[in-house]
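You will see chain A twice below: alongside chain B first, and alongside chain C after that.
Right, the complex of A and B next:
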């Protein structure tokens, strides 16, 4: 038994029922009555300081049930999913937002897209769904036809207002001056000081979760690879692992190691780009161009070795679709050697330039308490004193055999988020060398059976931004009933709003770049 | 009446108009090289200006005459300022009628209207840029006058011709007051021309912009004029620094025969100044906007020290 479920059963006794259809066996799912849904959250928070990893809803009408609501908690290396059933005619459940901040957006999203109502939620505005959609259009319900165009209705999104002498608003976006994704930021400022920042996201909502339900299990991995283009490896890996856990498929050892190789390459490439972009936002363009050069070197060798610059679609259910030979290994090792040498020189420039240091230190501080409150994950969490990394805490193969050193800083400022990336690049280079040395021989893929009806699979993968969670549910006919995607951006965007207080308007781009969250992964 | 000074005056303005984009091109080219990139070449700014001239102007519905008039005013004052600063010869008709205070005032007019135009449309960015620009102006202008007055004290005149003449005639090599004034001038010039570490001329981030934020709504020929005037401003500040602190090579008499040599020497000095600017910009990040007060405050302090050291030491 695990610590979280023990805490829950000792408090709620026989009202907790452990579900048998949840895979893999290391992740427990239990059902509690809907009126105990918030109480369960309170017990897990108060007794165990568990973090809320995700909250989502399912339409279970194909099973002849109403709706299911799920909350996934995390404590150390354990995950616990708490589930409740809602009747179809009265889809109301107690809100977790007063206990767990990240539930604030999860629940707004559930209400907007699935039409389940969180009672006691402080904010009834839609999230992801736009105000010019009809109120009763709930795209995630099975009864919603995704092919039918929606009528547009008049609506208004009410931003939080600040009033007082000298307060003014700066609306930024959704279309920005750079080539980045769309998102709206509403600042309330006095002079240059930011009083409040409100994010409005959802401009790249593509209905990905709905689309999964129309695809076969095999094709799902390709769609998962397109949830957020810069994290294609980690997303398709997370999808495949969740699917494999449902079907009991054992992935060949060589494929597991190759997957880890791709994951680390992706991490290095994105961290390099981010480090350059952070410096460029402080007008230190030298770093941008040099880091981009190193990143490009890596992407080109990806193309040469694996046939795609971002290694998209190379992870498939059951394994991987490309192998690496001895020449490829040699090439990769020699490029990494070159990369590490140049990277260290550039980091020395970053570290020794006092004008740059003046900008990145003490800017955009996300204090550890706040980071914990919003249940931050990934680089953002590690820069704010939280030692979270799926590779060490919930190690999926082959990370159970690799010793990963996780850098943790406590200052929570732009520098900390940059420096976590620096350390991770070095660590990933070391890991890749280890992988290439110990790569076992054998097959690179095995056959995947289709999941049996009414089972669900779960996976958590440490992508370069942080923990990515997938939860899959098979319908009564064994088809995809629900695919829940939780990109790290879903929670970390909250951190940006929190860290900006007390900063000045022109420092916002720097803070934003140090988070560099995905719009696409959040909006889905 | 001598004719040559008038010819030289027109020649100088023509050269000034023509070369200014190339100077910006030179700075950008060097910058690319220091960052390890290939550059778009010396003549890219000309292509940019031509491209903008050939595009339509898009005006906001609520744009007033201020918005439409400002580009011409900015361009006009820049051209006029180009006639005041002795670049090729000391003996220029405009230089002898307009002194350095007029020059500073010309910049102030252009800045005033740019700030108004920034607010005219009513976008948040324009107002933000105007407010920042005015903050800088209130700090930079006194420091600028202070630095220039230090040089005026040494030459007993506010006329640029006279100032250049006195320093030229060699009585003032390595005066401590001038060294202070030069340092102050460099800091002010960086702020006035919107270079790193004060402003980033290459940024696309609206929230960090100062000068660019005010002109975000401009397009077509309006933008072309403003961009061109900006290039002239950069050129002008460099030329002003050269004329005031390193005037050697500027033709002292109104003889047209000296002009080719003066032109060559000017280009050489500009090239060196541009290289210095690029080295500075490549090695520095942009500073936090509230550090500007310290930055320009130290410029003012240096200028004041220059003036004090003139009275105490000289």
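Right, the complex of A and C next:
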């Protein structure tokens, strides 16, 4: 038994029922009565100090049930999913937001897209669903026709306002100045000092979760690879792992190691780009162009070895679709050697540059207490003192055989987030060398059976931004009934709002870049 | 003052910093030239034609406003890449602007999400004519894997008139430069 489920059963006794249909067996799912849903959260927080990883809803009318609401908790290496059933005619459940901050947006999203009502939620404004959507349009419900265009209605979104002498508002976006994704930021400022920042996201909502339900299990991995283009490897990996856990497919060892290889390459490429961009936002353009040069080197070798610059669609259900030979290994090793040498030189420049230091140190501090409160993950969490990394805590093969050193800093400022990336680039280069040395021989893919009806699968993968969670549910005919995607951005965007207080408006791009969260991965 | 658990402390060596930077610059040299042979050939052909077209039609400068109308961010990464020192699009007179008011061309990635439709139309209207619109990526062409649903309206031409398409998922930097050339040439 696990620590989390023990805590729940000892407090709620026989009101906790362990579900049999959840895979893999290491992740437990239990059902509690809906009136105990918030109490369960309170028990896990108070007694076990658990983190809330995700919260979502399902429409289970195809099974003859109402709605299902789910909350996934994490403590150390354990995941526990707590589920409650809601009747279709009264879809209300107690809100977790007052216990767990990340539930704030999860629940607004559940209410907007599924039409389940969190009772006691402090903010009734819709999320993702814009003011010009018909209010009774709940796209995640089975009765909703996804192919029908939505009409536009009149409506208004009320931003949080600050009043007083000298306070003014700066609206930014959705179309930004640079080549980045769209989102809206509303600043309340006095002079240059930011009093409050409110994010408004949802501009790139493409109906991805609903789209999964219209695709076959096989095609799902291609869609997962396009949830967030910069994280294509990690997303398709997480999708495939969740699917494989449902079907009991055993992925060949060589494929597992190749998947880890792709994941680490993706991590290095994105970290290089981010480090350059962070320095560029502190007006140090040299670093941007130098880092982009190194990144381009890596992307080209990806193209040469694996046929795609971002290794898109190379992870498929059951394994991978591309292999590496001895020459490829040699090429990769020699490129990495060159890359590491150049990288270290550039880091020395970053490290010694006092004008850069002046900008990145003590800017945009996300204090460890706040990071914990918002249940941050990935780079953001590790820069704010939280030792979280799925590769060490919930190691999926082959990470159970690789020793990953996780850098953790506690200053929580822009520098900390940059420095976590620096350490991770070095660590990933080391890991890739280890992978290439150890790479077992054999097949690179195996056949995947289709999932049996009413089962669900779960997976957590450490992408370059942080922990990515997928939860899949098969319908009565074995088809996709629900695919829940939790990109790290879904929780980490809250951190940006929290770290910005007391900073000046011109430092916002720098803070934003140090987070570099995905808009597409959040909006879905 | 918050201290760190891991990570390097800054070494106070300000005098060396500038030397290091200069060293790095001279050691790197101009990387735009030495490309792998096959790509070098391709890029110089595309580049020369592009430069010619830009000189003739846009008085040596083509200003682009990039708009993400709902993409997954994959196309954005490659549009970034044409700015890197290896592709270095500025040498052909191409540069990116922050305001649609200064733009000759809108480089739009898609699919157009329903929530971006109005913003895209407004950006289009804010761009002074004559203007070119180039739709980037498979999704910008027809919505790609996202299709046409309640949230995704499909290709860019469903919302604003499009002059050229650059296929690919995402298109490589060379095909982006090629596509921009084609759009200028066709006009």
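What we mean here is this: the second predicted complex is superposed on the first by the 524 of 524 C-alpha atoms of A that agree within 3 Å, B and C clash if a C-alpha of one lies under 4 Å from a C-alpha of the other, contacts with A are read in each partner's own complex, and residues count from 1 in each chain.
Throughout what follows, a contact is a pair of C-beta atoms (placed from the backbone, for glycine too) under 8 Å apart; a residue touches a chain by one contact, two chains touch by 3 or more.
Note that this is a predicted model, so its numbers are computed, not measured.
K.L.:
Please indicate which partner A:203 is in contact with in the superposed arrangement: first for chain B, second for chain C, both, or neither.
P.N.:
Once the two structures are laid over each other on A, A:203 reaches chain C alone.
K.L.:
Once chain A of both complexes is superposed, is A:117 in touch with chain B (first), chain C (second), both, or neither?
P.N.:
Neither partner.
K.L.:
Once the shared chain is lined up, is A:279 touching chain B (first), chain C (second), both, or neither of them?
P.N.:
In the superposed model, A:279 contacts chain B only, not chain C.
K.L.:
In the superposed arrangement, does A:11 touch chain B (first), chain C (second), both or neither?
P.N.:
So A:11 meets neither chain B nor chain C here.
K.L.:
Which holds for A:358: it touches chain B only (first), chain C only (second), both, or neither?
P.N.:
First partner only, chain B.
K.L.:
Per the contact definition in the header, classify A:290: touching chain B only (first), chain C only (second), both, or neither.
P.N.:
both
K.L.:
What's your read, chain B or chain C touching more residues of chain A?
P.N.:
Touching more residues of chain A than the other partner does is C.
K.L.:
Taking the superposition on A as described, I'd like to know which of chain B and chain C A:171 touches: first, second, both or neither.
P.N.:
first
K.L.:
Touching A:507, do we find chain B (first), chain C (second), both, or neither?
P.N.:
A:507 sits against chain B, while chain C stays out of touch.
K.L.:
By the touch definition at the top of the document, which applies to A:182: first (chain B), second (chain C), both, or neither?
P.N.:
Second partner only, chain C.
K.L.:
Which residues would you name on chain A as touching chain B in one complex and chain C in the other?
P.N.:
On chain A, the residues that contact chain B in one structure and chain C in the other are 177-178, 286, 289-290, 293, 353.
K.L.:
Spell out the residues on chain A that touch chain C in their complex, using ranges where they run on.
P.N.:
130, 137, 139, 144-150, 174-175, 177-182, 202-208, 210-211, 214, 219, 222-223, 226-230, 232, 273, 286, 289-290, 292-293, 295-296, 299-300, 303, 309-310, 312, 345-346, 348-349, 351-354, 357, 365, 385, 407-412, 416, 419, 423, 518-520, 523
K.L.:
What does chain B use to touch chain A in their complex?
P.N.:
31, 34-37, 124-125, 127-128, 131, 196-197, 200, 202-208, 282-291
K.L.:
How about chain C: which of its residues touch chain A in the complex?
P.N.:
It comes out as residues 2-8, 10-11, 13-14, 16-17, 20-21, 24-25, 28, 31, 36, 66-81, 83-86, 96, 98-100, 111, 113-116, 119, 123, 144-153, 169-170, 172.
K.L.:
Can you tell me which positions in chain A touch chain B when the two form their complex?
P.N.:
Touch list, chain A to chain B: 168-172, 176-178, 191-192, 279, 281-286, 289-290, 293, 353, 355-356, 358-359, 504-509.
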